[in-house]
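Shared between the two complexes below is subunit A, which pairs with subunit B and subunit C, respectively.
Entry: the complex of A and B
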């Protein structure tokens, strides 16, 4: 009986201590679905996106798209200040636990972004699994852009990033992943850059958050980074062979970045793809296409590597890996000499190959 | 002196009467017998006294209780032969009934009168003839109301113990079938078991537990079951009740023991483990695939009925970050403007459903149908429009209520319902941790329980892998030849398929 009492007391103690207290009713909470940060004349502009609290499956059809979400912009030197400012502007308790996306302006100082990522990871009430991205023309504008296929209460960018195999390059990153990339000073975090163009939100480039600031890559450099980081997914490459344009689809690549003992790095890329359209093609035509694709891929890789050298960033963690073998504190440099070898094979071309 | 004399004579009369009443046996005096019977039954009009005089001039008095006897039988088989007898034989041979006993003990005589016997008192004879003329009011054999099956045997027990034994004997014509009578006060019970299967320990334990009961009157089988079961304070039942004759037959064949109670068509089956409350008679009269699928549905129903409302409360009120945000926002949208929290709404809905259920039980069948319709309209529409409860809570609690009734044994429904309410409260107060802690606590309690020495969670814990063929699913009969190991039957196999080529799955044929 004494053991039963002791076990009961222990259980009750655990229940009391571990479960927290004072959870608020669902009707007393303002759920934050997305946060954006832009530079402002007076400092920083924080924008919080809330869902329409009256949204139900039956009311969805009658609510206008512009009323599905509401945004609230406040100024604040830190994230905590911004939350306090939002809290004082609404009659509900701000609930950050379901935030899906954090959108950052690429013109922000790199240090500010680093500090924010660290703050968000250290804020226990904030979900570390939320996606983080750069957004242009401004983060808040991107946040308030609604897509026709977006069904409230789904946040478009969250749904976009969640579909991992849908896009090429696969540049999505969660807050904890970005923060983890910044733990070592030599490392570089890679964040997607979402742009608004012609009324749509597109993610075709990435930006590096390195020791020297934020560098937005070109589409070619982005493709090169995706190849080197094995994040191209199932993309496609268009090349010209003579006057004819070939689109090689279902491109599947596997790359290896190997630090050499002489300080150089070697990049080996193996890939396959298919040409679905046209045909029949001769073997020499296919061989030429293969060569063109390999050249294109090598060119992209070189562009990315040159960007890494130019900006003295290390998104592939080459320097970190070298430090494991050579010892010493890694320098965020990519060696001056790199060699890229690409082997590409078209496994199916047209209907006769 | 006159007054004193009168008082003295009154005292003598009282003493004589008391002496007569205190006598344990009949003394052969008809007047004393009448006084004793009058004292026992009072002025009850159903106690009939008929003086009979035989052709030889022997004065006899016949007593019986109207309503318990067949008047025709009394007339033609007892009174008629006695009054017309010219042979002068002993009256035992004159009466023409199935069972005749002799006794001079008043306790025996009075008890037999209440059982529908006719007592024949012969002048100056200390022994009384007890003739079985009972014809109890009895309904015809019907279909099981609580365990209806679509295919297979459809016979339910009736109230009289004799009929129950007859039904079982006819269904299981095996000489190993034994009925061991046990009397609890005036209540007659019988332990049914198969001598070549059931572990004698169970039979002895059952007999010992029944014989320990000293009660003036027992109302029904549930009362008997409550008095003999293990863990009488637990909400989880440890004996099973069934009115299905073929199900009792199957349980006896598996090595269990049944207790039949006079006056209650429900038989008590023991030992009963947690798994037994999720099997039905139809599991053994439908195809193995159908029975297996339905069993899995029942398990899912159990999980839903136990966890769905509590998890809803947890995710909508306490640990909101654990639920997909789309769902939470829809829940929030449906709660906009409503005054109560999801917990209070769930309590309101549970209360409403219990009230409707209870009312439907008490009402006549035609009205119960109307009440169900009215309840559905009230619960489904009006309560939402009135702003008391949100749509989600209605869906959750209704699905839970339906899942509850996927439990085949009614006695388990109440336990699961209470467990469910405990989890709701734990979830509302302590969140997910409360639900997990309560679940583990109840699991630990279940693990510590047993029924007649059999672990309550057998054959799951401790695992008897062979018995799993008839636990979560029901494999084809050729593959479940073994009886439940936990019952420790005298003979482990109930089926032998010699030369049929049926082999157990996963076992290679002998080379």
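Entry: the complex of A and C
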């Protein structure tokens, strides 16, 4: 009986001391929703985004979206310095555990981005599942651009990236994935580049973060990369056949990157799509459209492959894949020669079912 | 031993399962990959057969002697030498518990409650564990049955959701051709997984049907632990690739934290696994402290509470010191204790082998 009593007392003590709850209520914490990093004349400028502390469920419907968040910009040589600077500037405890997105300026030195990603992965208080993206014109401007459908506490960009199979190319990447790509032998991460166009924030291009710096791709190179990496999703391609413009929709592609032993990279792309509008079309018209689409896809693949050669990067993880089978830690694999072969078929055209 | 103090083979398997694998998973698979790189896959495949071979040898060599635990059997076979071997193992086990306890404390204070210092976790979990160790064996058996099932099912089911994150499935396949030196190196760095394995040899002697079913349940236990280790290896390496795993202190926890189920009440269900393994740690502590309590001052009914308390106090004190030196702890566990348990096994089996040979010659002579 005495032992049972002693044990119950001990368990009761555990129960009261190990509740797992922090002593801080949610009103005493400054919850970081997003972070951006820009180069600055004096060094680096970090912008932290918080939900507006005066926001309540009843006031949310009446206030403008731009007032749902508050931002704070600080300087700091490292992420830790920046967090300390933010902490000393506000009355609440900074909480990083719910950060949704990190926006980076593409003009940052690659080394800085690499170091930041490593720091974020090493910081156990930081969620490694947060999204990471480049943003222009500057990272902080992009972060503070509010969209009408934005509703605190979800940041617009996080909702944008979370929407699976919505965007083409599907370039969204999480912090741990970007870090992972940088540590693997290919040492190249592909990050989306979010920008403002017609008053909207959207992602139409990507940037490569490799050993030789950061390269922002053109839209055509981005499309080529997406095809090669099987990240195109469900896109559409417009081509001119004669004077008529055809839009092939629901383009679904499967590409295979085959590194050859002589340093060449051979790419096979198989794809299908539909033409929903107009018609009826003759077989020769459809054949011509198929040829044009195949040419268009091949030329964007070539553009991406040439960009890889020019910048000496390995975004297709050729070296990484090679390391699984031969066990070594090879240098990033840059193709010496490239060859692309595209086969495209229109499975449904106009009224022909 | 009265019949109500024995356990079923399934309970023995579950106690052994928790008592062994729950300590090994903390660093897993980091040390093996650190040593073997891309060849670590071979070492992972060898982990199970390695243990089964050792068990088969023990089984064969211990057959002539009876006893209620490994300590009494060793004494019966080797006399004072057996007693020494038992003490040697107890010291190893206390060091091992201290290292695992410090890892558990560090992990909890990093992942579960960042503002709570590690020693608090070690003291409380080990305290509850030590109390459970003084319970009668069937009670411990039921505890293990409950938590081994919950932890096993949750770990595998939630991990299965993480298959979406498998970016590098081909990284999990072992490299061909096989180079022996790195594989042996990687194997040496994973022996620590099995440090508490003599628990199996004691539990075998506490089941209600010692001659027929027990070996099968024990084999299944080793098989299941091996399967869990392979699963965690595949999930970790398949998600991150081999090289990044070397840069992480808790690769498995890292990978489980990435698992997200948005339609679930808690979005980060992977953290649930971490919480469940906290409870499993208590059962792990109980199983091994029970073993020390039986080995050093064996009684038929239960482990000696004073031995359990002393061993726990020693392990906790050491663990609280070790958590200040994380690099040293990792080295102690994955390298030094791996070598130490291998040496202990080799010495014990060697002595037993000589004893069996001498016994056979004596019986032939008479």
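Please note the rule applied: the second predicted complex is superposed on the first by the 314 of 353 C-alpha atoms of A that agree within 3 Å, B and C clash if a C-alpha of one lies under 4 Å from a C-alpha of the other, contacts with A are read in each partner's own complex, and residues count from 1 in each chain.
What we mean here is this: a residue touches a chain if its C-beta (ideal position, glycine included) is under 8 Å from a C-beta of that chain, and two chains touch if they have at least 3 such contacts.
Everything quoted here is computed from the prediction, not taken from an experiment.
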Subunit B versus subunit C as contact partner of A:53, first or second or both or neither: first
Contacts of A:25 with subunit B and subunit C, given as first, second, both or neither: first
Which of subunit B and subunit C A:11 touches, first, second, both or neither: both
A:321 touches, of subunit B and subunit C: first, second, both or neither? second
Partner chain(s) touched by A:128 [first = subunit B, second = subunit C, both, neither]: second
Which superposed partner A:154 touches (first subunit B, second subunit C, both, neither): first
Touching partner for A:243 - first (subunit B), second (subunit C), both, neither: neither
Partner chain in contact with A:177 - subunit B first, subunit C second, else both or neither: second
Subunit A residues contacted in one complex by subunit B, in the other by subunit C: 11, 14, 18, 20, 23
Residues of subunit A that touch subunit B when the two form their complex: 11, 14-15, 18-20, 23, 25-27, 29, 31, 33, 51-57, 59, 95, 97-98, 100, 127, 153-154
Subunit A residues within the subunit C interface of the complex: 3, 7, 10-11, 14, 17-18, 20, 22-23, 124-125, 128-129, 174, 176-177, 179-180, 183-185, 320-321, 323-329
Residues of subunit C that touch subunit A when the two form their complex: 37-39, 110-116, 120-121, 124, 127-128, 131, 134, 167-168, 170-171, 173, 175-176, 179, 240-244, 247, 254, 257-258, 260
Of all residues in subunit B, those that touch subunit A in their complex: 316-321, 325-326, 328-336, 338, 341-342, 391, 429-431, 433-434, 437, 441
